[in-house]
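Note that chain A is present in both complexes that follow, paired respectively with chain B and with chain C.
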Partner chain A sequence: MPKNNKKIFLFLAGGTCIFTEAGHIFSVKSQDDIEDWLAQMPELNILADIEPVFISGEDDLIGPNIWQTIAKEIIKRSEEADGFVIVSKIDQLINTSLALTFALQNLKKTIITTTSRISGSNFIDKKEVISNLKNKYGGLSLRSNLINAIQVAQQPLPAPAIMFGTRLIAATRAIFDPLGDVNVFSSISDCWGKVDFGINVKSNLKYNQQKAKIYSDKLADILVFDDIPGVPWSFDRRALTAYRGIFIKVDSYQKLGKNKQEQIIKWKMPIVLYNYHLTSTSKGAISVSNCTFNTALIKTMWALSNEFNKKDFENIMTQNIIEEFLN
Partner chain B sequence: MSIQNLTLIVAGAINLIMSILVFSRGVRHSKINLYFSFLTFFNFLWAIGLWLSRSFTDLDLTSIFARSTYVSAIAIVISLLYFVVHFPNKIKVLSIKLKFIVWLPAIFLVFIIYSKLFITHFVNSYSEYEYISYFYKPFYWVYFVYFISIALLSLYFLWQKYKVVEGLFKKQVKFLFLAILVAFIFGVHFDLFLLYFGDFRFNWLGPIFTVFINACVFYFIFPKQEK
Partner chain C sequence: MKIYFYSNQYLNNPDAKDAMLCFKKAGADVLNNLSPNVDGGVAGGSLDRVDAFVFQGDKLDTKASYLIALVLAQNKEVLCLLPKGAKLDTSLKDLEADSKLAKKIHIELYSKDDLKEKILSFLKIIDNGSIRNLFNIKYTLRISGKIADYLNWKANKENIKKADWIRDQIQCIVQDDKEYQEFLNNKFNG
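So, the complex of A and B:
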């Protein structure tokens, strides 16, 4: 290993599928797999001093528990780290990145998340997909994504970001676009960087100078659903007690029906109405727009996980905490 | 101005523009940008050196510029080696031993190039501005073997990368490998091989083949879908 390499912690929480030299798919299902998995990519240790940390296996569910563990492990290691790379499942990568963005605000360490194109260790139902990916991209993209992520993790970035394909995207700007070709994540504004001739990260990016704010509570459980105009909401009120709040994705053109507005008042719990473009107001609910769906969702979970009172919750949901709102 | 000299100026200008463009993208965090800027800058010096060597009737001036082209060629091949080590990402580190093998002969050759031990004398030929150099063959062979070895080593490193990289990088490495191979074959043919046999009529053709490398990188930086 060359001298003066930066120390990068590589957190493994699913999304670790790679092709071995023999053409088999290999993923990290337990701590014991890490050595063999890393041996498939010896170049990683040339790029940085890599220290792997096992968080969860390829088949484990990714959610608030895992996000809380990752955040805690990052805090524990932030003194000795130059940067962090988190490998996690493709379907939850945006939420994972956002959970870390809200939990570790203004941390002076770069956090990059990345993933393989497929997740889970059961490949029987994915044979055709895997074969297509191999023919089209020569692999599952994790190898090149990791190489790029490790290099970007050594540069200062203001907040966690996703490195996938040819794009480096701020977590608050990322949208999942599974029909994308090389890139399965898009950005609602300019990307922070791109891979063209090597990695080209925007030169004006740096750590946030504000004091770091760390929130280590587990994100709150909330009920999430899409409103369909004309279709009534039928909930047993007792079922709602399992949740700290309700997140409703609403239509941007139609107001909520009168019955629904009355239901919101009756529920007497934190309720967020979300639409990217515009939301109509409803008494007892907070309207959120002008940010991505995932950002609004994770922000709601984060805000409800902390002991803010009702007024604070309303303020927080409308405040630009981590530059999550456009404009 | 002759078509030959115009060709050299165009090839030089393309390389200089590319060098500035890539350098301005930032070299602090990107060794790829740094070494590619060097590579294209020395390509520029090579082309301009050839143009100037063909632009004077005074053989003393011709001698200075003609000798500088051999120094530029050494710098080109060393920049190429460092560039391919880093492009698209490092998969191996240049050992201290290899660095010695690269740099010591290079320093030795630079001194030799500016002595009578490399080019013994110049005579005007073909036209009043063109010339023929007479080489001291043993050291020309040393130069030849050094240049070919470093260039082939660079191509070998790039080929090794092609086998392990995936996705977009695989395509990039393939294109760049082919572009470098073309520039290498024609550069060596027109500016080393033919010169050994005293044929200097086509030495202006070598630099134009470096434009293929520039075209490749330009395509990487400005891909169609991102426009």
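So, the complex of A and C:
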């Protein structure tokens, strides 16, 4: 091992599928699997002093509970660490990265998330997908992604970012693009870094100098749905009491129908209307645009957590907290 | 065949020049970090598209370690060319001792006299390596309507994808082409 290796904590929370030498798929389902899993990738050890931390298994659900655990574990280890790499499921990777971005603001440690191309330990239904990936890429991309992630985690970045394929993307700018070839995540603005014959990270990136703000509460449960113009909303009011707020993805050019606008007023709960381009206003709801869907969603869950007074909700949602808005 | 050649001895390094020339003479396409104005590669290039990685120098640096790890993770071959007398890096020793990676990482202590021989042996290994059998090169081919009709008919009849059928046919032709097989056998004999 080279001298002066940096200490990188490797958090495992799903998304850990790799091909073994024998051509089988192996993933971390429990703490006991970690040693064998790491032994499949001895090349990681020439990059850094890696300490694995088990968060959840390959088949566990990733959501607010896991995000809260990851944030707490990062804080616990932040003095000792030079950086953090979080491996988690591909379908929730953007949300995981965003949850950490809102929870751990201005942390002076780099957090990189990455994943395998598939997740879940049941492979029967994914047989053809796996076979195609093996033919096309020779694997599930996690090994390369991890190496790139460990390398980038040793450099200062202002906020958590996703490393996948040849792109390093800020969590607030990432969108899922499953049809992408090598890259399944795109960025709505410039990438923070690109891989060609090395990793080229933008030279102006550094830790935020402001004091770190840590929010350790679990993100709030909210009801999320897409509005279809002309189709009424039929909710039992009692069912809505299970949620702290409602997040509605709306059409960018059509106003909400009159009945729907009246429903929003009657519900008397925090409601967000989201569209990337623009949203029409509706009394009793906050319109959010000019940021990614995932960013608006996770920000809403964060702003409705116990950390804040409900009265501050509108104020928080319209503020540019972590440079989530494009302009 | 594409090779990425990396050296951290930027100045006065005739061995690197000799090694690259040797790869080129053997027909390999060599990308490198030493040529001016390429900044470690070529525009639009990527380590994903090379078949093997070659390090030449006395001692690994951070970037070399990273590139070696990345190439090994992609299941590609790595050649480390160290001048005779150089002390082997502990991280390289660890990799060489690992049962999984020992097959992929080739550490060679060279002198001026045997540099060419070591390079040609390595080329033979990568030419037969698993990565060269991956179907990862995209090929656009224009065909006539009649050929398309035949491909559709054949694929349907044999319940096989058209691309798979074409690949199988080409592989059969390659196997049966004695002249080509002879060429392959002598390809890297200098």
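Definition applied: the second predicted complex is superposed on the first by the 322 of 327 C-alpha atoms of A that agree within 3 Å, B and C clash if a C-alpha of one lies under 4 Å from a C-alpha of the other, contacts with A are read in each partner's own complex, and residues count from 1 in each chain.
Note that in this section contacts are C-beta pairs under 8 Å (C-beta built on N, C-alpha and C of every residue); 3 or more make two chains touch, one makes a residue touch a chain.
Just so it is clear, the model here is predicted, and its values are computed rather than measured.
Under the clash rule set out above, the superposition-derived model of chain A with chain B and chain C contains a clash between the two partners.
Of the two partner chains placed around the shared chain by superposition, neither chain B nor chain C is touched by A:Gln261. Using the contact criterion defined above for the overlaid structures, shared-chain residue A:Ser203 touches chain B, although it does not reach chain C. Look at A:Gln155: by the touch rule set out above, it reaches chain B but stays clear of chain C.
Once the two complexes are laid over each other on the shared chain, residue contacts for A:Leu146 go to chain C alone; chain B is not touched.
When the two complexes are overlaid on their common chain A, residue A:Gln40 makes contact with chain C while staying clear of chain B.
With the shared chain A as the reference for superposition, chain C clashes with chain B in the stretch 92-100, and the other listed options (2-10, 92-100, 110-118 or 128-136) are free of clashes. Shared contact residues of chain A with chain B and chain C: 2, 42-43, 46-47, 137-139, 143-144, 147-148, 151, 166, 182, 195-199. Against chain A, in their complex, chain C makes its touches with residues 4, 31, 33, 40-41, 44-48, 60, 62-63, 65-70, 72-75, 89-91, 94-95, 98, 100-101, 131, 134-136. Every residue of chain A that touches chain B in the complex is listed here, in rising order: 2, 42-43, 46-47, 137-139, 141, 143-144, 147-148, 151, 154-155, 165-166, 182, 194-201, 203. Residue ranges on chain A touching chain C, taken from their complex, read 1-2, 21, 40-47, 135-139, 143-144, 146-148, 151, 166, 182, 195-199.
Residues 22, 25-26, 29-30, 32-33, 36, 86-93, 164-170, 172, 217, 220-223, 226 of chain B touch chain A in their complex.
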